[in-house]
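In the two complexes that follow, subunit A is the common piece, with subunit B as its partner first and subunit C second.
And now, the complex of A and B:
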């Protein structure tokens, strides 16, 4: 084995390639800049404006975000008096880490036994449920459960961020997050449970390999899961935690410079990792492709979901906290129950 | 007291969901076919009507030094200075609010409005125009852009709100 093929072997090794390169950290950070640009442009289009334009007129102002990122990255980080500096710096990093971590256990593609560049990992990532290799950072048979569990630990670190900064606006934001997290976690878990009952499995790969996209099999669960996602990662109309017109920036009020970029990026990354999950569960994942094209196809659908969820900023205003919680318990929770019943019926009649 | 018009609250959750879909659909319609009404300022300039108050030109040989302009000026932009035993006004455009009172009150029409509205100064010293500089025609700056500036005028449009069409004059 030559040195080049050895490098290629470790580069494409799923645990490294998925978490670090694609669709993990590096791709996600590029996507983050593009998505914030897209969000500003989409809001501008709907509001009869142009959005960022003059930084690079031919690219539609896409370089504006790179300029903004550089400006934030080199500006001073101010640590307020009376906080623990270690925790103060650690909290946003934990936040963005736990926004990233679900990507490691979400299957991205299937590894065929031969014919693909990934086929040499077939045995190391063999999934007995679908009788094929699985292109995933870390394979566990119950990865739906693990992905949801890891993703729901995100809100704990929002609370930590607010608590270590010792700011009254941050505490208001943290209380809002605590209120909301009960509402959205229930929705996400119930709609995922509906799919698990419907496909008789807790393995995301088996849901994808069944060939029926979850949105067709159970549209109610699809809608409820999406509402839970935009609620959980504070996208509009549920951008209640960091409502910048009410509580300065919610839990992230005290952060400046690079630490602020990390806190702001964390919610987008959280939406992205949920969008990857959504693409697998409801939009058919990598099927009918396999190998690297499957990964690209699955990620493309996730990017569409992410784009739609940031696009909602231009359509909606912001709900008050009581409106959001009332809507979530009064209207969406019964829909989640209905999705479980629908999942039971469809799983019993149609999907074996 | 008049009754405040209130929208009826929708109770039917299915119809509520339909309204949400309609709102998102409307947003997507605007996203695909944006109806922008931005005036791209440095490249396009809105043509202004004649008589729109602009920068002020001073005619030194007409001035009688009556100090009426300095008296009427509400922002204290116009002040009198003495040159060779005679009083002349000088203006500070940092204070001027372009109300045009000085032009109206001048008994010998020594102050006139000019059709110049866009002037850029690079320092605060340049805001002040002593009588001799105030007496001169405005030097139009060479344009910063390579292309000539388009003059447009706004038109109320039923579909898009405001649109800008090229101005013929």
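And now, the complex of A and C:
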């Protein structure tokens, strides 16, 4: 084995490639900038303006976001009096980490036994459920459960961020997040449970490999899951936790400079990791491709979901916290229950 | 943040846990995205507002005191400053009071032009208010649309008066510039554009379920309360009181114009927003009527027009349809007397009380602005509502701090 193929072996090794390069950290960072650019451009299109333009006219102002990122990165970080500096700096990092971690366990593609550049990892990432290799950062047979569990820990760190900054607006934001997290976690878990019952598995790969996208098999669950995601990651119309005219910036009120960018990025990354999950569960994931093209196809669908959820900003305002909670328990929860029943019926009659 | 009297501290084995009571105070402003130029001291119990203290006065400009040392013409730009986006109406009320003291007859064409400018200004101001309401509710499209559509009307004001915001268009005895065919054409185009946009506004803002949820049954003001608390303008009409100064005590050309007073009886934030939208549509109708019916003639009272030197009349009035100030305006002394006038500004009834002691400056100028009257309404409406509704009520009242502080 030559040195070149050795490098290639370690570079494409799923645990490294997925988490660090694609669709993980590096891609997520580029996507984060592109998504904020898209959000601003799409909103500008609706709102009869240009949006970012002058930083690079030929690229439609895409470099504006890089300029913004540099500006934020080198601006001063002001640590308020009376806070614990260590926790103050640590909280946003934990936040973005836990927004990101689910990507490690979400299957990105299938590894065919031969013919792909990834085929050499076939045995190391063998998934007995689909009788094929699985291109995933860390393989566990119950990866649906693990991904949801990791994703739901995100709100704990929102609370931590608010708590360490000792600000009244932050505390209100934290309380709102605490109320909301109960509501949206239930929705997300129930709609995922509906799919698990429907496909008789807790392995995301098996859901994808069944060949029937979850949205066709169970559209109610698809809608409920999406509502849960935009609620959970503070997208409009549920941008309640960081409602700027009400609670300034919610839990992130006291953050400045780079730490603020991290908190802001965390919510996008959170949406992105949910979007990857959504792409797998409801939009057919990598099927019918496999190997790297499958990963690109699956990520592309996730990016569409992410783009749609950030586009909602130009259509909706924000709901009140009590309206959001009432809506989620009164209207969406029955829908989630219906999706479970639908999942049971369809799983019993159609999907084996 | 500094004092928390009812705070409980639990300490166990060196670990201290602070429990913040559900009752507390929040300082909204003066540096807060949802406060405007004031501090709102909110006492909350959980999510419910128990009481609100308005700490106003951050943009106080002492307009009333300053006008005691300014000549009558210098006061025109001064009274506009409190509400620059409603400057025609601010200007109009003051000039009407001065004219009452002096006993000036205003020519017909100038009356129509005053109504024209006032209605253009009303549309612009209502769009501004809607934009602010939209961003308070997090609806950025409404915000941008409000400011974008307002631009069209500000451009017309610019073409007519020469200034975008502080127009100083109305002078004792008439107006400064005439309506030219170009401006007529611009206005007709703008009317067509705005009519088309109103349908789009309804689709994305008024009929948006999210916006309706935020405004309906929020800040409900009954008819009795609206009268008792002294609400003015669209806020009053949103509570079912049919009162509009333009109908009750017509000034300018409003007695000759055909329009309906917008009244909604619900009294909530949504009704107030609907009143504003209805008024924009009425203003569009009125502008059409004015363009159609405006009579020919002078735009300045004869008594002042004769004072302008003939050479200047030839150059400015015959050539450009503008009037230049006669030297008399530099420091005229109206006779002793006092006058009170009311106009329907964009945010409601605007009252001017001017006392002249025969000198070149008024003895006293009192202005009661509609936003000033909204302060108490705002305070009362917030009681018992939810904390997120603070901004919803604020926006739906179209409360404008500089106008209230004067």
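Operating definition for what follows: the second predicted complex is superposed on the first by the 352 of 352 C-alpha atoms of A that agree within 3 Å, B and C clash if a C-alpha of one lies under 4 Å from a C-alpha of the other, contacts with A are read in each partner's own complex, and residues count from 1 in each chain.
Throughout what follows, a contact is a pair of C-beta atoms (placed from the backbone, for glycine too) under 8 Å apart; a residue touches a chain by one contact, two chains touch by 3 or more.
The shown structure was predicted, so the numbers you read here are calculated from the model rather than taken from an experiment.
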Contacts of A:239 with subunit B and subunit C, given as first, second, both or neither: second
Contacts of A:319 with subunit B and subunit C, given as first, second, both or neither: second
Which superposed partner A:311 touches (first subunit B, second subunit C, both, neither): first
Subunit A residues touched - subunit C or subunit B, whichever exceeds: C
Touched partner set for A:331, first subunit B, second subunit C, both or neither: first
Which superposed partner A:46 touches (first subunit B, second subunit C, both, neither): both
First (subunit B), second (subunit C), both or neither touched by A:301: neither
Common ground on subunit A, meaning residues reached by subunit C in one complex and by subunit B in the other: 46, 48-49, 314-316
Subunit B residues touching subunit A - in the complex, by the definition given at the top: 13, 16, 23-24, 26-28, 30-31, 34-38, 160-161
Subunit C residues within the subunit A interface of the complex: 1, 20, 24, 26, 32-34, 47, 134-145, 148, 204, 208, 210-211, 213-214, 386-391
Residue ranges of subunit A in contact with subunit C within the complex: 43, 46-49, 167-169, 171-172, 236-237, 239, 243-246, 248, 313-323
Interfacial residue positions of subunit A with respect to subunit B in the complex: 42, 45-46, 48-50, 311-312, 314-316, 331
